[in-house]
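Chain nomenclature is as follows: A, B, C, D and E, assigned in order of appearance, with residue numbering initiated at 1 for each chain independently.
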Amino acid sequence: MTALRTWWAGSLLGRHLLLALVGLVVVVVVLESSSDFRNLQLASMAYLGIAAGGLTVLTGLNGQISLGHGALMAIGAYTAALLLDDRDAGTPLPLVVLAAIAVTLLVGVVVGAAAARLHGPYLAGATLALAVAVPGIALYFKEELGGEQGLRVVLPDIPAWVLDLAFFVTGQDLTRSRYVAYLAWLTLIVTFVLLANLSRGRVGRRWRAVRDDEVAAELAGIRLGRARVSAFVVSAAAAGAAGAMMAVTVRLAAPSGFTITLSLTLLTAVVLGGLGSLTGALLGAALLTFLPQVVTDLGVDAGLSDIQAAELSPLVYGLVMVAVILLAPAGLVGTARTALLRRRLRRTGPASDKPGPASDVPGPDAPPAVPTTPTAATTTSTTSKGTTT
Amino acid sequence: GGRDDDGDGGSGGDAAVDTPGVTEDSIKIGAHFPLTGVAAPGYNEIPTGAKAYFDYVNAQGGVNGRQIEYVVRDDGYNPTNTSSVTNELVLEEEIFAMVGGLGTPTHSAVVDFLNDEGVPDFFVSSGSLQWGDDPENAPYTFGWQPDYEIEGKIIGQYVAENMPDAKVGLFLQDDDFGDDAEKGVRQFVDDQIVAAERYTSGNTDVGPQVAGLQAAGADLVLAFNTPSYTALSQLVALKLGYQPQWFYSNVGSDADLVGSLLSRFSEGAVEGGSGSLDGVMTTEYIPGVDQPDDPWVQLWEKVWDEHGEKGELTNYRVYGMSHAYAFVQALMAAGEDLTRDGLVEAMEEVGAGLDGPQLAPFRYSADSHLGISGLRVVEIRDGAGEDLTPVLVTDIGDAEIVEDDSGQDADAPPESGVPEAS
Amino acid sequence: MELSGITVTFGGITALSEVDLAVVPGTVHGVIGPNGAGKTTLFNVACGFVVPDAGTISRAGDRLERLHPHDLAGLGMARTLQGLGLFDRVTVLENVVVGADRHARTGFLGSLLGLPGAAREERALRERAMEVLDRLGIGAYAARYPGSLPYPVRKRVALARALAAEPDLLLLDEPASGLGAADMDELGDLVRGLAAERAISVMLVEHHMDLVMRVCDEITVLDFGRRIAHGPPDLVRNDPAVLAAYLGEEVD
Amino acid sequence: MQQLLNTALGGLTLGMVYAAFALALVLIWRSTRIVNFAQAPMAMVTTFVALVVVDAGHSYWLAFAAALASGLLLGAVVERLIVRRVEGGPEINAVILTLGLFIVLHALAAVVFGNRYRSFPAPFGVRGIEVGGTTIALTGFGVFTILAVLVTMGLLLALFRYTDLGLRMRASAYNPEVARLLGVRVGRMLTLGWALASLVGSLAGLLIAGGSLVHPGYMDSVVVYGFVAAVLGGLDSPIGAVVGGLLLGLALSFVSGYVGSQLVALAALVILMLVLTLRPGGLFAQTAARRV
Amino acid sequence: MLTVTDLCAGYGPVRALEGVSFTADRGRVTAVLGANGAGKTTLLRTVSGLHRADRGSVELDGKPLDRVAAERMPALGLAHVPEGRGVITELTVEENLRLGGLGRAGSVDAADLDRVYTLFPVLADRRAAVAHVLSGGERQMLVIARALMARPTMLLLDEPSLGLAPRIVAQIFELLRGLVESESLSVLLVEQNARSALSIAHRGVVLNLGRVVADDAAEVLAADDQLRHAYLGF
């Protein structure tokens, strides 16, 4: 037992792989037991989750705000679309995804390098501009990128062995939508394992250090530029994978699919779920995937016309955002963790206010109410005589 | 709904029962429209029109005793949402057919899916060629309005014949709309064109484009844009003191709407009322609210009064009603035992012969699913269109343009306002 | 470490002019002077935060051309800040582990794949960090966040982070400010110990004369960016210029 | 030649509109250290208020006043009731909060005022001014816009540079606790900041709407370009906001006219990146400060 | 005169003050001494309304301050020089000073500015500089100068000597003594360096773990060896 615990504490990879395995089982069970429609919804949840996961690492662990991850997804999606232009396009899907990641990664390097020196609203502004600029490129190169109509994505036929395997494991035939869902969720699990490894290891620690105090981090031998760019590139890669999955799920890569709204949706997912937490990212993704439909249906059931119901859904969406920020400022996961911590505090006194146990999530960052704004930096009343401010 | 007692009531019953979305007494159909967001203004009125007409039909006993259940979902003009709401409509709501889904990029996202699933995809609300030009690959997809190419052709020919020495400028929305139309126009007036300016929809500053046309000295502008851009281009023209002959394609020429938009600008800088588009040329393929005496418009007025929501009848709503009418005709033609393939076959057989508000016949057949085959050129006088040509019909490619002799434009709706089975 | 002819100006004002300073290995070198005399700036030059307008910096004989703060750790130097500069949203232990980062070898890939090697190294680093914490007697706080800790503890965490890098030159900017007498004594012993036992050279900026006089082997006095005196404590203490510029009449 | 001139003039008016919006952002940033993404829909709502007044048959100027007044009020209310709770929290929370407000106001407007295009009156001619026979792309209303923006900029400059109130507002934004110690009513200052910003915002809204079309989303593109303009100039500088706005307006107008309107956004990105790589704090940022 | 009775305050589970009572007389310097964590800063923050008291009361010249918001204190003649982070680094030196003046009178008169500039010539040279570039000690001077701008009758100082050169410390203490005598200013002085604090204080209050362990005339405290070794470390 204790041996097991020490192992648990010791081996990062082992821990993450175990969690991944559990996750995989859950995924299989859920996907097999849900309708084609749900499968597709879950697929969209997965690609949102992947992108959000990448973003939460960037924003939560490295403190860079990006309003432009939708654009990075677009790049992944278009790469995939270009490779999947007709049924017998030879490239197998895994390669397509890798290609998408690679291309987005390159773009990530460029953007990340340009953004490395920017902070707060300046970074936000730059990435916002990125978000609106990229769709324009697709419009401009009509011939290559299909302009407003975008590029159709044709899913290659499911390989025989996959069909067999699926049947062997589940005893059911594998529908196309379920296939897509599996692809998306597998990608998600792999991505999350990698992200978790990073954020718990040396790289993640450097990111945090840079986030909390650049000068001190630099003195510890950390190159600010590299740290920030690497964080950006990693999250870009995730966005690329997400984009590819999105293309496969939606079967289209079109500019109007990558409006600024997408970028903001991602950021929202991350914050609502709980900044810096992969579980949070997934929660947020789930929320944003299912909320609109649920609300619309409720509206219709309540006897609203389809149009009124449709207008209701963004209203509720917005209200939920506001509510969560006001009621659970640390996001769903963060708030849960704080509550847990509070309880332990009350039990064992201040001497050991150590936050929740190591979980699958990077963090536990930010103990309750440690502010990060310049505005706030001074409102922590802890006696700090550092005459630095 | 569900099965009635007369479950053994012949193949009709059975066929119907195992057709998705169809029961003994109901047919469920769906559509995707931008009901929220930037694209919503205007377009969000189309489904209200369609809904009003379906309700009207239901009130008259429905089609073959089946009530039409019309489910509209919002896609905010975002293909991603289109695909998810379409999944919902087809897989969850199990609609029998998609009717009037709007938009080229949006519908592109789902056309394959609908055809793979064998869901009739009728009367896509967009004039893009891809809705019907190859039934081979998209056997279930039907267009409805005249495609932008033939509209372009007809306009082009009219200009070539009647204004041979006009310096033509093109004002194009930068997507398939503009492109197809340009293709059509250039067939006839390629040499007359002095400038082609493209605007990106969403970017409301069209000053540079109009300035470009002015600089090129265009004295006739063929504009293929949406109504709001008609208003914007008119305003910019005022600003620039630019007074060419404007020729707006049907989509952008909603005299009534644009008129009301332009009506209220400062100290008489824009003369009020829908008169503000006087002298502008355009085309029409269905009668609109500017023709109150037209029997079809009278029917629409009646339908709107009885089943419409608040707000008055607009051309968007007329558009919705018109394709709703056509869809009811299709259901009639498909007969008692309704199947998806049955509907498609029926449309291919009788489609070309259907009467209805459209001024020119449909082109439906086994090898074309393209919609209305032609239109007429009109000039707007006091907010209403005055014919400049008879109804001209043609087809994509180099099909020649001829006068329509089907008398399609002369027909009137039946008393009941509900099409009889043909 | 050797600084010679260092001159720094900011816009109008001259923060340092032609300052020479050489730290003898294994000794404690004090830098004192009135507020605004240029002490922190001198440190900033030594750390590459400020590029001097003139002058040279050399380390162990060879000259450092363009020095960047992030090269510092690599050169076996560590510094504490006049403020605290702790990483507020990670635990005390993590803070110190960051200090030890220069000893880590794991590359990006190792981290990404969570290779066994990486995990092993992680554990090693943590143990190393834990040792330092224990040595400074704050091991109990390892799992806490700095934010809510008593001030002296936080001061020590900052010091621990610097020591975790196992430097051979340590720059301390006002390490005793705000500390009570007891803590100050302990600090003094610690600094002396570093120099004596571990042969670490220390550069120390302080305003607490008794501490400075106690621990320093040599002292450099700055005033208005100039070096007005240098030498062993007793010499400096009685230097009239220093008395006038810095110590004031009564020395406490 | 004439096209050149007209494109430039078009860009000028457009730029001034961006500038107006950017000014609102600068104001709120300076007085609360928050970037208010809900600025646009807030302005949009007030514009619709004006429209209601006009529809009721009143004069344009009454509507104008009504819009500004409601802007002032809306800003104060929003700060007091909602934003107050995130001040001093992580800045990202404020961002998400204002985004949430953005969506809510949008949806509400669609429900209340209807999601369709409406025309909005302008007090002066919307016909181009005649200069030596040729009409140039500058309307009476355009001139009004330019003047309005310049005056606003001047007022903001004065407020922050020369008044104690401005000093108090900045102190509250930078360091609320110390400000309170020094007797500054921090709460009031923040509310005031939002109110004024929202007032400037609705001015921007009116200037954009004047002699054009409005619908619940008509300000959305301005959010992006107004924000970019503000960042371009340096969020702390009113002059920067106006310069940034002009720069952007002109550049975009020319790109749209001579290259292609699809690339407008890309152009904005390029310009912004160029400026920020040279000056990470925007054109008018104070010089790099001391780090240690 | 400042009267503190049975004051209790804390941070969540942490008790920082447990029933502190004492009075700081008008025109006198009262030193608050104690080791790190004794509760000195918390005491000042609670008095000036920055921190909510759980129990107890504070009176300034008979007026209860319990319900008075921090921002109204300057108007009542109470100024608080916070520990450490007290400079508004984004503002210039002069703007910081002006703010100090606004707190009391609502307007700044040039005379006050000149006064503090003559007291701290360093600041005069840097008046236009953004406070951010100041050195640690220069900032400390700025905070003290800013408090003086409000011409307070009750001055709360939290470790004013922090990061200051001995000569400056001596100067500042001289200055305080002067003000106390000439303008009958009352000072509540928190210091780590008990010796120098007691050298100018009339009275001393010694805190330990949130409780008052001694409260007596300065010279009495300074003479009490046992106390000195136990709590004052000299």
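Rule of thumb we're sticking to: a residue touches a chain if its C-beta (ideal position, glycine included) is under 8 Å from a C-beta of that chain, and two chains touch if they have at least 3 such contacts.
What you are looking at is a predicted structure, and each value in this text was computed from that prediction instead of being measured.
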Starting at chain B, fewest touch steps before arriving at chain C: 2
Pair exhibiting more inter-chain C-beta contacts, B-D or A-B: B-D
CA centroid of chain A to CA centroid of chain C, Å: 40
Rounded Å distance, chain C centre to chain D centre (Cα mean): 47
Inter-chain centre distance, chain C versus chain E - centres from mean C-alpha coordinates, in Å: 30
Multi-chain contact sites of chain A, meaning residues that touch two or more partners: 136, 139, 215, 311, 314, 350, 366, 372, 378, 381, 383-389
Multi-partner residues of chain C (each touching 2 or more other chains): 40, 47, 49, 81-82, 148, 151, 177-178
Multi-partner residues of chain B (each touching 2 or more other chains): 35-36, 44, 174, 200
Chain C-facing residues of chain E, complex: 11, 14, 35-37, 83-84, 122, 125-126, 133-138, 140-141, 159, 162-168, 170-171, 192-196, 232-234
Of chain B, residues touching chain A in the complex: 35-36, 44, 47-48, 51, 71-74, 77-80, 83-84, 87-88, 91-92, 104-106, 108-109, 112-113, 128, 174-176, 179, 200, 309
List of chain A residues in touch with chain C within their complex: 10-13, 16, 194, 197-198, 200-206, 208-209, 211-213, 215-224, 230, 350-354, 365-367, 370, 372, 380, 382-389
Partner chain A, residues of chain C touching it in the complex: 47, 49, 69-74, 78-79, 81-91, 94, 97-99, 101-102, 104, 106, 108, 110-116, 118-119, 121-123, 140, 143-145, 147-148, 151, 154, 161, 165, 177-178
Touch list for chain A against partner chain B, complex: 35-37, 40-41, 44, 136, 139, 142, 147-150, 152, 154, 177, 246, 249-252, 254-257, 259, 261-262, 293, 296, 305-307, 310-311, 313-314
